[in-house]
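To start, I am sharing the structure in question, which I have written as structure tokens.
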């Protein structure tokens, strides 16, 4: 899995969640995760979470860390599980980087909360040729339409956060793939 | 996903990690997780972890909580990811139940450690008709061939632990499956 | 499998045969079958049966019972087989409900006939995330462009018919899935 | 799909339900269905239906028509559906051939009954390379351990029955495969 | 696999690389390969090779032999391998038909070269219901935007070439499918 | 794909064609190809080619180059295609290394011939967790039960041959996988 921290500040508007965004926009070929910092405004048309669509939720934030993960030849169910593992990874990275004492973050499904404040949004979906995940973590919370918390509140450096998340996800993904190749089948 | 806490004290010897153990031994049909408390002695013949097999590791423990998870129509890669998510769930359950202050458990791949002491063993594999996971957590550490820690050391009740793990895994599995059915595909 | 009898009278125009019609229009999440009574007018653009498209068949009826079936994580081949099993179920339900003596309905592939009169139209297809079936049975035969027969001719109540078909399909689908989980694999 | 009516009278003992029985025993390569007439005695070891195994059911009959179906590159779920479609085909063939008036056969799952008498036994399973179905229909009912009915009781010629069943299954299977290739995908 | 040599001279513009081109345009149902002779002009919008798209390569030729291969129920990875096997077949057919002495054609991935001159272009992709390959071989080299060689230069008759390529691909494809059905699985 | 040229001279007896031979015997984890030089004697029990089994062919050779290829998460059909591509690669390597003038080798399916003399034997099969290929090329022809030719006859150095085949297969496999990740899907 290739990792890339983009220096762009582009808005995440939902159109980045498509097959080969990393390859066609950033020449990163194969299984990949790319990250950048930017605002978030997803229109109803580009909302892939049916639940958000039905609730006409607005998905927005003035500054978030965005991750787009794409990998090939696996199922959507694996995508949902990897998305949730990544939520745990993010939590562990924040525990490691934040100076806040007795910090307790709760993961529920693919969401991360600090008590009732939302830290992140996320969706896993599939294209005809790949599995795709968007995971975004608030940096600041201006413009977020629900009670929210951000990396700034937790005194976590975004760049440190991104670097550790990319490295940890890469390791998790690759060691998981390897684990499928060193096991003996049973009856 | 059906869950069952067995009152048996049977030895886990590796033969329980086969398709339809839950159905043929305990009449639990379909996706399932069964748990029980018992010793662990896996012979080289029944070792499905190639790495353990090569290292001729002995896998043993005098008293462990065993979980056997089986589910159908999904890939081994999803099995490895679910196994790791379950390791995180186990960690969260221990954090919730243990009175030990400032407890820090580390998950690495599918293993859980308290500093350099091993809390658990685990393997995910596939049968011709299903995906299978064995996850075992030390209750006591007598007989464990490596530096180890157990639920007794952490002052965690095994029965509370099992009940919470079963409920949490069932919820994680079912909500993950549901998540694959409420997303809109992308290009 | 969730079942739902909609009280709407909407026209079936082919656009209902898309992924998550049940979820996004009727908040029914997961494997599902929804039924309603309404006219049928499918334009060439929305025709998914290549054969009809080539023959420029018009697909129309003034009043039909419509079923939209959607299920996840299975193949199109299974969709075609389920579609044909459903044709058999429909035939059995009509035999049960119709007072007509010595009624002989013929199933050929996914079509049902009374001698040379067509009772139904149907198609099975796939979306990127699911398998989909549309099955429609004539209530009246006005506007049907081929020799046709309808439930009215057979003195079958549409509402009884729909309820029995939904229950029977749900049972067939769920017991078939269960059957894949209670079998031992062979060499 | 190749079809073959074997003139052998061999006992069905469960070992015929394995991959490439048709090829290695009868040189029929590829998707196939082979049929023959013979007794049936399946030992507990060769029982692949978990339910029968648990109930320690004995599976036996003095004279039955046996069908072994094998096909490649498809799922077990499709196998269960094809098995049930084949039960319907068998029912239709008997309706066509039997001179008995007002005959009413009931299909329930993969079983066929005349009121409470069982006409058939069947199982669908998978090998590492194929999907397999055994379907057996009583000719005589001596030795059947449950209330039973046979083709003799229904005055149906076994050879006519076999020929029609083979032709009809071949047609169903091939036209179902073709149906997956002439449909346009949807969103 | 059905084969067809079309007498049309239509331009290949990339839109022919879609599911059921053979069926909906030429009534050839199922696994198929169709061939014709015509110019080639693919606009950026219809370019499916991400690499060409990124490089803004123009894909053009005044006269080429075009092959569109479509088959069902297999993976894109198999499509790439079949595409490369077909490149080898093409090379062997040219060796057989060309009177040029000591001809040495080089296959690299899916490309065929005569020293540094390109003979062919090709892409394998997938639709939601099938695997698709476009393979095109220069007849003349006018208008080709890179150093090129064509069948005319090699003194190979296009019609002989097409007939032999179609027959050889059909044989390769069908015997490969058969090979998956006559092997015994291993542990 | 990892490649390894083993210095062992072990007999190939068919038991090496099993999942994780490379990992459990040679600690090579993941997609791999291993090669060695040694005799070949496969007993009927270990013959996985159904055709050989039926014909009771003896598979033997006094000295052959053996390749065992294993890769994960792909289909048997892809295995057969890769096997045939590898036969072409082997032919090209021999053309490159042999000083014999006007050498013409014929590939037919997975076999390579010099006129009517057989150069190689091969089989592709699947284990529950992987796709496996055995490809063996005669070095000497003593003990081969059919008319045969070997690398010695063609004046090709076995070690050069092995090194070039390993490098070329690795390149073919990896670039084919990559090709599945840089294409845009079509309708």
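Letters A, B, C, D, E and F mark the chains in the order given here, with residues in each chain numbered from 1 onward.
In this section, a contact is a pair of C-beta atoms (placed from the backbone, for glycine too) under 8 Å apart; a residue touches a chain by one contact, two chains touch by 3 or more.
In this text the structure is predicted, and so the values were computed from the model without any measurement.
Undergrad: Any chains in contact with both subunit B and subunit F?
TA: In this structure, the chains that contact subunit F and also subunit B are A, D.
Undergrad: By label order, what chains touch subunit A and subunit B together?
TA: The common neighbours are C, F.
Undergrad: Determine how many degrees of rotation, between 0 and 180 and to the nearest 5, align the Cα atoms of subunit A with the equivalent atoms in subunit C.
TA: 120
Undergrad: Shared numbers divided by all numbers used: is that above or below half for subunit D and subunit E, i.e. same or different?
TA: Because over half of the interface numbers appear in both copies, subunit E and subunit D meet with the same residues.
Undergrad: If you average the Cα atoms of subunit B and of subunit E to get two centres, how far apart are those centres in Å?
TA: Centre separation, subunit B to subunit E: 50 Å.
Undergrad: Just give me the whole-number Å value for how far the CA centre of subunit B lies from that of subunit C.
TA: Roughly 43 Å, centre to centre.
Undergrad: Distance from the CA centroid of subunit C to that of subunit E, rounded to the nearest Å?
TA: 40
Undergrad: Indicate the whole-number Å distance between the mean C-alpha point of subunit C and the mean C-alpha point of subunit F.
TA: Computed from C-alpha means, the inter-chain centre distance equals 50 Å.
Undergrad: Mind pulling the residue numbers of subunit C that touch at least two other chains?
TA: 19-20, 23, 29, 50, 53, 73-77, 126-129, 180, 182-185, 187
Undergrad: Under the stated touch criterion, can you name all the chain pairs that qualify?
TA: After working through each pair, the chains in contact turn out to be A-B, A-C, A-E, A-F, B-C, B-D, B-F, C-D, C-E, D-E, D-F, E-F.
Undergrad: So in the complex, which bits of subunit F are touching subunit B?
TA: Against subunit B, subunit F makes touches at 20, 23-24, 27, 29, 73, 128-129, 185.
Undergrad: Help me check something: in the complex, which residues belonging to subunit B touch subunit C?
TA: Result: residues 19-20, 23, 29-31, 72-74, 127-130, 178, 180-185 of subunit B touch subunit C.
Undergrad: So in the complex, which bits of subunit B are touching subunit A?
TA: For subunit B paired with subunit A, touching residues are 17-19, 47-51, 53, 74-82, 84-85, 88, 107, 109-110, 123-128, 132, 172, 175-177, 179-180, 182-187.
Undergrad: How about subunit C: which of its residues touch subunit E in the complex?
TA: Subunit C reaches subunit E through residues 50, 53-54, 75-77, 126-128, 187.
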